[in-house]
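Inspection log for the structure reproduced underneath, given as C-alpha cells.
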Amino acid sequence: FDKDLYEGNNVAGVVTGLAWTQVGGDILFIEASLSPGKGKMSLTGNLGDVMKESASIAMAYLKAHAEQFGIDYRIFDQWDIHIHVPAGATPKDGPSAGITMLTALTSAFTQRMVKPHLAMTGEITLRGKVLPVGGIQEKILAAKRANIKDIILCKSNRKDILEIKEDYIKDLNFHYVTEMSEVIKLALLDKKVKNALDTAYKKASKED
Amino acid sequence: FDKDLYEGNNVAGVVTGLAWTQVGGDILFIEASLSPGKGKMSLTGNLGDVMKESASIAMAYLKAHAEQFGIDYRIFDQWDIHIHVPAGATPKDGPSAGITMLTALTSAFTQRMVKPHLAMTGEITLRGKVLPVGGIQEKILAAKRANIKDIILCKSNRKDILEIKEDYIKDLNFHYVTEMSEVIKLALLDKKVKNALDTAYKKASKED
Amino acid sequence: FDKDLYEGNNVAGVVTGLAWTQVGGDILFIEASLSPGKGKMSLTGNLGDVMKESASIAMAYLKAHAEQFGIDYRIFDQWDIHIHVPAGATPKDGPSAGITMLTALTSAFTQRMVKPHLAMTGEITLRGKVLPVGGIQEKILAAKRANIKDIILCKSNRKDILEIKEDYIKDLNFHYVTEMSEVIKLALLDKKVKNALDTAYKKASKED
Amino acid sequence: FDKDLYEGNNVAGVVTGLAWTQVGGDILFIEASLSPGKGKMSLTGNLGDVMKESASIAMAYLKAHAEQFGIDYRIFDQWDIHIHVPAGATPKDGPSAGITMLTALTSAFTQRMVKPHLAMTGEITLRGKVLPVGGIQEKILAAKRANIKDIILCKSNRKDILEIKEDYIKDLNFHYVTEMSEVIKLALLDKKVKNALDTAYKKASKED
Amino acid sequence: FDKDLYEGNNVAGVVTGLAWTQVGGDILFIEASLSPGKGKMSLTGNLGDVMKESASIAMAYLKAHAEQFGIDYRIFDQWDIHIHVPAGATPKDGPSAGITMLTALTSAFTQRMVKPHLAMTGEITLRGKVLPVGGIQEKILAAKRANIKDIILCKSNRKDILEIKEDYIKDLNFHYVTEMSEVIKLALLDKKVKNALDTAYKKASKED
Amino acid sequence: FDKDLYEGNNVAGVVTGLAWTQVGGDILFIEASLSPGKGKMSLTGNLGDVMKESASIAMAYLKAHAEQFGIDYRIFDQWDIHIHVPAGATPKDGPSAGITMLTALTSAFTQRMVKPHLAMTGEITLRGKVLPVGGIQEKILAAKRANIKDIILCKSNRKDILEIKEDYIKDLNFHYVTEMSEVIKLALLDKKVKNALDTAYKKASKED
C-alpha cells in the first residue's frame, strides 16, 4: 500500500497526518465519518492503546469546546462517529496523530473542507495544548514525497526543522502552533464540502 | 472442506472473495444475513482482529452512504446482521476481504442479486477507497480453479496481473477499481433475489 | 461419564451428535432449553470458541429462516435459550456440532420430537449449507456402540463411508445432505413432545 | 478452616456437597441467597469456569422447570441470587457440585427446608439428568467424618460404593438417582424454614 | 505509609481490620462511603479477586438481611457504594477482611458509629457465619502497637490466642464470635455519627 | 516533551502535580474537563491501575462530600468527566497524584481558579485523609526548576523536607496537610475562571 500520495480534500473528516515508522517517515490518513446514531465512537486501523486514547482526548476536547467551533453540542448524541486509519494490516501507535484526529473530527461534525496539500503532526492535551513529537525529519521527507505544501507542527518542534538543510525544505510552509484553536484555523476552510451532510441539531420526532 | 467451487448467486448477502493462505490461494464466501432485530452486528468464522475491523469499516461506510445505495438508513436499527466466513475451523485474518464484506452487506440490505461467477479482493477505507492487497497471483489461480469469470481488483494491483503469463488468464475478465461505488456497480445486479426479504423501512407499531 | 448410550427422544431440544476426541469417537448430546426471557443465549459445557461460534451461526440462521420452520420470529425475544453439552469437565471444540446445534434449537423452539436413534455430524454455514467434517470412521464406530440406527452426514463425507468395510455398517442408514433444510426434514418429527411448552407468540400484557 | 462439620438445616438455600480435593475428600457448603432485585446471579468462592457453568446450568434448569417445583417463573426477575462456596481462599472447580447447586437454588426460591444430615455429589445436565462423578470413596470418608447420614449419588456411582468395605459404611444411607427430580424429592422437605422469605410473585407497584 | 495508628471513629463506614502481610501484621482501614446513586458498588485499593469477592459476599448478605439491621432494602438502589482499602500502592488479598467489610457497609448504610479502639479479622460466609483466619499472632502484635483495645475473632481462632504469652495480651479484650450478627452487635454503637447522612428511604420525586 | 514549565491557571480543572519517574522528578498536569453528558468518567494518559483507582477514589469522595464544596450533587449526572495526564506516550502509575486529581475535579465542577504557581503530591483515602508519598526530594527539585512557588504535602512528608539543605528550598513555601479539605482551601481560589462553564443544576427540559 502506497500512502505516499496526497489524495485531495473533497471529503469532510479526512485529514493527512505524518507518521514515523520503523521503515522511515510516511503520510497517513485519519478518516472520520458520521452516521446517524447515538454518540458511539468506533476506532479501527490496528491502533495501539495510546493512539486510541488520542482519539478519546480529541473527542472529549471537541465536546467540551463545541461552541467555539460552531457546533451545537446536542448533535453529539445524534451521530455515531467512526475513525479509521488505513492501512488495516499495519499496527499504529503513539500520540502524534492527536491534532490530526481532532482536526478530522471537527471537519466531520462541521462538514468544513480541509485545506488542500496540508499535513500535520503533534500530540494534543485535553486543554487543547499542542505538544511536540519525534521523528520530525523523517516525517518531512515523507511529506515532500507526497506533494504536501503546508505542514503544521508544535512550536517546540521548530528546532528540529532548523536542523534540516535549508535547500531541502524551501518548497514547504511550516506553521508552528501551541494551541489546538490555531490548528483548526489553519487547517479547516470556512467552506463546506460538496454534498455536505446536514449536521444541524434536529429535534427528536414524535414517532421515535 | 473444499472451497474451490463457486456456489451460485441465488442468495442475497453471499459474495465470493479471494484469500491467500499458507497453502496457496483459495476462494472464500462472505455470508451476510439479516434477521429482525435492533442493529446488532455479529461476526463468526474464526476471524482475526484486522478482519473484524474490516467488517466494522464496511458497516460504517454503508451506514454513512446509505442513500447512495438506495437504503433508508433507519432500517439499520430494525435488523441484526450476522457475517460468517466458512469454514469455522480455519483462522482467517487480514484486510483483503474488505470490499467483499461491503458488497455482501450491501446485497443483504438491498436484497440485490450478486453478479454470477464473480470474485473480488481488496482493502476498503472508511472513505470508500479501494486499496491493493497481496498474494494476487495465488488468488487468481484459485479463482480459475473455482470457475470464476470476473474478478474485481484495486487499480494498483494491475501490475501484479501484468506479470502473469497472458495465456493463463485469457478466460478471466479483470475489473480495476479505486472506489467502492465502482465495486457495487460491477458486483450487484439491479434485480432482487427470489424470495427477497422485505427490507423497506417499517414504522414501529403501536403495540411494540 | 459414559456417553455411549443413546437416551431417547422424549424431551424437545436434545439431539445426538457425533464427536471425535483424542480417545476415539463418541456420541454427545446437544441440550437446548428455553425459559421465559428476552432473547439471551447462554452456552455451557466447556466449549471452545469455534464451537461457540457454531451455536451463534445456528441461532442466526434460525432467526433469519424462522418462517420456513413455522416459527413466528417475534418469539425469539420472549425466551432465553441455554445450550449445554455434557459432560462439563471435558473441553470440546470444532465446527462439527453445527448441524446438531441447529436441529436442537429448531426442536426447542417448535417443541417437535427428534427422530429416535438418530445421530448427526456436520458443519453449518450461515446460508444453511452443510459442510463435511473429519473423524467419520471413529464417529461411526461410536454411533454403532450407542445403538444409533440413522446417521446424517454431509454429502462430501460419503467417500469416508465408502471406505468402511460393508459388513461393519450394514445396520446403519446413512442420509447424505447438502442443505440444512434436509437435516430438519430428516431429524424432526411433525409430532410435538409430550408436555410441550406453548411457544406460540404472546402479545405483551398490559401489566408488563 | 474446618469444613468437616455438618452445620444444620435451619437456613434455606444451604446444601451440603462432597468435594474431592488434593488433600482428600471434604464436605463443602453451597450457599444460595436471595435479595430483592432483577434476576442477576452472582458467584463467589474462588470458583473455576466449570463450576461456574454448573451454577448457570442449574439456574437455567430451574427456570425452565419452575412449574414442576411450584415456582411462579415471574419471580426470577424479582430477586437477585448470590451463590457462595466457602472458604474463599480455596480454589474450587469441576462439575460435581451441580446437583448440590440446583438443590440449593430450589430451596432458596421455595424456602423449603433441606433434609438434615444429608450430603450429595453429582453432575447435572440441562435436561435434569444426574451424571456420575469421581473421588467417591474419598468423599464418603469425609461425609462420615462430618456426621452425615444420607448421601445422594448418581446410579452409575453405585459400583464405586460396592467396592467399599461393608463394615465401614453401614451407618450411611445411599440414595441412587438418575434424574434431578428425584434429588429434589429426597433433599427438600415440604416444610418451609422458620422466618421464610415471602417469595410469592408480587405485581409491580404503581410507584415503581 | 504508617498504618500502625488507629485513627478514631468519627466517620461512619470506616472500620479497622487486621492484616497479615509479608513483613508481619498490620492494621488496615476499610473505608465504605455512600453517594447518591443507583446501587453500583466500586472497589479500590489494589485488591485481589478473593478480597473483592469478600466485598461482594458482604453486600449480598447485607441486602438479604437488611431488615435485621434496621435498613429498608429499597435504599440499596438509591446510593452508590465505594469501598477503598488504603494504601493504594500495596496489593491486598485474602478473605480475612470479610467481617470488617460487612461491618463497614452496615455502618455506612445505618450511619451508626463504630466502637472506638476496636479491630477485627475473620472470613464471612453468605449465611453470616464467621470463619477462622491465619496470622493471628502477628495481627495481635500489630493491634497492640496501634493502640487497639478490643478485638473480634472467630471462635475457632481462640486456640491461636491461647498460645500467646498471657502477659503480652493482658491489655486486650478478645471477643469470640461465630455469627455475623454478633459482630455487628459488638462493633456498632446505637448512636449515629455527627453529621450523619440521611439514608432513610425516599420516594422518587415526580420530576425525576 | 518538556513538562518542566508551569503553564498558568487560566483554565479550570488543570492542576500541577509532582511525579517521581525513573529519570528523576518532574511536574505533571492533571487535566479534568467536563462536557454535557450523563456522569461517565473517562481516563487517558497511559495510566496504570493504581493511578486509575486514585481517580475513582477522588470522584467518589467528591460525590459523597459535594455539599461541603458547594456542589449540587445532582449535577454529577449532567456532565461527563474526562481526566487526562499528558504526555500520552509515558506510562504513569502510583497513588501520589490522588490529591491533585481531587483538586482538578473540584475545580472542574466548581469552575474555581487554581492558585497560581502551586504544585502538590499526596495519596488520598476515601475519607479524605492525605497520605505521605515517596520521592519527595526529586519532586522538589523538579518543582523549583518549573518555577513553582507553593507546594502542598502530607504532614508526614515534612521529615523529607527537613532533610533538604535549607538554602536550596528557601524560595518555596510548604503547606503540610492531613485532610483533603485543607488541600482544597489552599489550592482553589474563590474566584471562577474567565468564561466559566455554567455548572449549576438544570432541571431536565420537557423535550428531553
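For clarity, chains are labelled A, B, C, D, E and F in written order, and residue numbers in each chain start from 1.
Note that in this section a contact is a pair of C-beta atoms (placed from the backbone, for glycine too) under 8 Å apart; a residue touches a chain by one contact, two chains touch by 3 or more.
Treat the numbers as computed from the prediction; the structure is a model and nothing was measured.
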Give the fewest steps needed to get from chain B to chain E, where each step moves from one chain to a chain it touches.
3
Euclidean distance of C-alpha centroids - chain B vs chain D, Å
51
Measure off the straight-line distance from the CA centroid of chain C to the CA centroid of chain F, and report it in whole Å.
59
Rounded Å distance between chain A and chain F, as computed from the means of their C-alpha atoms
29
Among all residues of chain A, those touching at least two other chains are none
Which word fits the touch map of the chains here: line, ring, star, complete or other?
ring
Cyclic chain order - from chain A, heading first toward chain B
A, B, C, D, E, F
The chain D residues in contact with chain E across the complex are 1-2, 7, 11, 14, 29, 31-37, 42, 44-46, 80, 82-84, 86-89, 207
Chain D-touching residues of chain E, taken from the complex the two chains share:
49-50, 53-54, 56-57, 60-61, 63-64, 66, 73-74, 94-95, 98, 123, 125-127, 129, 131-132, 156, 203-204
